[in-house]
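This structure is in structure tokens; I'll ask about it shortly.
By written order: A, B and C. Residues from 1 in each chain.
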Amino acid sequence: MNSLAIGEIMSILDVRNFRAYYFTKAGTVKAVDGVNLSIDKKTIIGIVGESGCGKSTLAKALSFNVEPPLKIVKGDIVIDGIKINDMTTDEIRRKILGIKVALIPQSAMNALVPTVKIRSFIKDVLKEKTGYTTLEIFELAVKRFKELNLPIEALDMYPFELSGGMRQRVLIAIATLLNPSLLIADEPTSALDVSTQKMVLETLYDIYRRGLVKSIIFISHDIATVRQIADEIVVMYAGKFVEKGSTEEMINEPLHPYSKGLIFSILTPELIVRERVRKAKEVLLKGEPPSLINPPSGCRFHPRCPYAMDICRREEPPMIEVERNRFVSCWLYVKR
Amino acid sequence: MAAKINVNPFIAYALKRFGIMVLTLSVALFLIFILPRMIPGNPLASTIFRLTQGGITSPEQLKATERMLLETFKLYEPLHIQFIDFISKLIHGDLGTSILFYPLSVADLIALYLPWTLLLMIPAVSLSWFIGNYIGVVAAMNRNKFVDKVVLTIFMILQGVPPYVLGMYLILLLAVYMPIFPTGGGWPPGMVPRLSVEFVLAYLKHYILPFLSIFISSLGGWGLSMRSIAVQELASDYMEYTIRGVGLSQKKVVNYLFKCSALPQIVGLAIVLGWSVAGSVLTEIVFGYPGIGMIFWRAINAQDYPLIQGIFIIIIATLLLANYISELLFAYIDPRARYAYVGVQ
Amino acid sequence: MISSISSTIIRLFRIKKFAIGLLILLVVLFIGIVGPAIYEVSPTRTIGRRYVPPGEKYPLGTDALGRDVLAQFLHGIRGSLYVGAIASAISLSLAIFLGTIAAVFGGLVDKIVMTLSEILLLIPSILLMMLLAAYLPERSLWIVAVVIGITSWAGWCRGFRSRTLSILSSEFINLAILSGASRLNIIIRDIVPIIAPYVLAAFAMLFSYSIMAEVGLTLVGVGMTKDVTLGLMLYVAQIYANISQGIWWTIVPPSITVTLIFLSLYMIATSIDELFSYR
């Protein structure tokens, strides 16, 4: 992790008590229900959780992809010190998207318009957001492609001429051409085979390493992948964050029962060498994530939690800092 | 043991469709040949009548003329001889001689009138395609808003109005009640077509109403179909990313959306252009516009079967060719279609 | 089964397009059927001076031959509707029959039907009509209707073929056969509900197509000569150059009605399509 230069204060992202709901005929889906996230240094944060926990909604909200029935109900989004909620959609489009924040969508493989050559697309996007000439744009693109080990020939091709993994990497390159401070990657490796996954992860880490982006939010259900690249991990459940910490701490010693279940159930081979495997077997994840229209009372995990106590049914646990930069939201760790 | 030849699926498809085209053309040629010939009555009667106006009055001369005409048109020969004669002449590009317009050849007549039809249809259809599709895309992007609903209603009504009905109304309104435009004809009677400013201006004045009737009546169809294609495209991953992920401007998005949705419309355009020669008939009749359609009508009324034949051949050939080209276009542009077609059917 | 039919019908009526289209069609139908019976003037006899504008004596004026235009209009609607009904009935039957046997028997039968339909798709019906036009100087609407019917089945034949194919290969048909239900039972309970909406939509579109085709053929002069249809009204108006003389009453009523019939059927057909393709 790179440390800050002395005196340099960065607030890349600041989101407090953020709520985003879907207002549908079947009911109000509280997909993101009170989430706090602050990024003030160079870091890669992985947000993990099962499908339906609200992480994709969070990705959409953070990249301003919000349209009905999704609505931001509460909470400001502040990026690089700019309060985004006050801006009009058009301003966001012109000044923020691709410039301060960039999104790698879940459908990245199919996100490039098939009837347009890559270089034409780049030209159209950059002409929108900058005053560069066509030549400058082309030079920038070539330079960036070379830096990221992407073939320059791809610039003259149509998206369907490239393989899936290549398309994903090209998309990452295009999205970050203007060096946005924050990159949000929503399940970037889910549809890929292992070797392509590796290439995509390398590309992501490459742009981070070179300082082309300041921080990345990597959203995935696949902890094994997240842990390869993230510095910190946040576990999300039923619209809320339940635990935060550095990758090492989270993998080796998860605190929240849900985190334990998640991490141990997937990373068992590694843990077999450690004695904690005995404790791991206790926490087998049973059941399904709850409905977000009518979430359970109190702690949302209590119906599935083997350690559930009476208070868990009644009251929501606060997020407390058990150690430096180590947060968990669980009554087990609240000292009375 | 037979060796397995690996044929490029596209070539295989092209050849297969070509075969069907040839087959259809043969059947069409046969029908074109035989049906007018089954018409009872004497097609020469009107010609002979016309000739009598011109001065031949004695019965002997009439009889001689009739015999000569019969020989020229080989009406006494048995059908199969006529057919062989027909096909061999066709291969040489000889479409026969018109009876109504004797002694002009059919090929000459077609060459004379076809350009006017094309001059009317091609710009009208193409412009209608372009503008109709563009409005369709804009409507799709403003889906369910007021603008969209208005456009939808207008287009739906428009696409049900045939061009000749629209033509009739245009004449009533803009040529009779408000005599802005002439009521018909290609150019003022008495004027001879030539490349002079005077002629071009007069021609344009006569051109506007028929042009409008075709243009407006086709607008609805294109708009509606393009809109539904564009609506589907808007839901695609790439359109969503372009609009919301990258944030491209409205203008560029319309541009991209148009390109993505245009493929089926291009194929449609090829087909419509193929039909345009046949489709202009009624409009030309209503406007008295001197094109192929007009001549066709007169040929039918006078039972001038070489001319009818000739025009039919042109119409069918254009249709089949346009159809074939559109099939090839579609397969070429969409690689998935090539492979699918070779297997199925 | 009955309840699901009625619930579908109710849902259909909720679609605005369908209701409006049906309403227009019913109004036109009503006028066409009841009109001539009420208004007993003959459409074919000369009863007054030519080109009398609409007024007290003649509600829609007279045409080029001094005939009552309103009578023509009412009888014309009836005539056009007849043509539409007959032609589309013929065409639909042919399309269903040929399409299904092509699907059921496959092989050579299938190939023949497909090639035939392909050729027919490209050769306009006007050829056949012209031949008949020359043979029979007096053409009734039956003849025109039959010709239109036998030349327009090609497009819809494919649709029926592919739908039959997909039904035949679907799971629940096999189950139904295995379950021992009688053939008739299978047809009524399983096949018909699937095919029914398509048949209705096809019928609506064929109906409107036939009416338009009749107008087109008659305008060129190869359509009917005897019975009154809206197309014939327009033909007479065209021949006598009514438009350029400003004689609008022979043109406006038939053309508006033709357009209305087409539109209403189009609305009905597309709303049926919409409803059933969302399932």
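The rule we apply is simple: a contact is a pair of C-beta atoms (placed from the backbone, for glycine too) under 8 Å apart; a residue touches a chain by one contact, two chains touch by 3 or more.
Small disclaimer: the values here were computed from a predicted structure and weren't measured.
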Chain contact graph, described as a line, ring, star, complete graph or other shape: line
Which of A-B and B-C has more C-beta contact pairs: B-C
Euclidean distance of C-alpha centroids - chain A vs chain C, Å: 59
Euclidean distance of C-alpha centroids - chain B vs chain C, Å: 24
Whole-Å gap separating chain A and chain B, where each centre is the average of the chain's CA atoms: 57
Chain C partner contacts - residues on chain B that touch it in the complex: 20, 23-24, 27-28, 31-32, 35-36, 38-41, 156-157, 159-162, 164-165, 168-169, 171-172, 175-177, 183-184, 278, 281-282, 285-286, 297, 300-301, 303, 308, 312, 315-316, 319-320, 323, 345
In the complex, chain A residues that touch chain B: 63-65, 67, 92-94, 97-98, 103, 105, 107, 110-116, 124-125, 128-129, 175
Footprint of chain A on chain B - complex, ascending: 236-242, 244-249, 252, 256, 259-260
Interfacial residue positions of chain C with respect to chain B in the complex: 114-115, 118-119, 122-124, 127-128, 130-131, 133-135, 212, 215-216, 219-222, 234, 238, 243-246, 248, 251-252, 255, 258-259, 262-263, 266-267
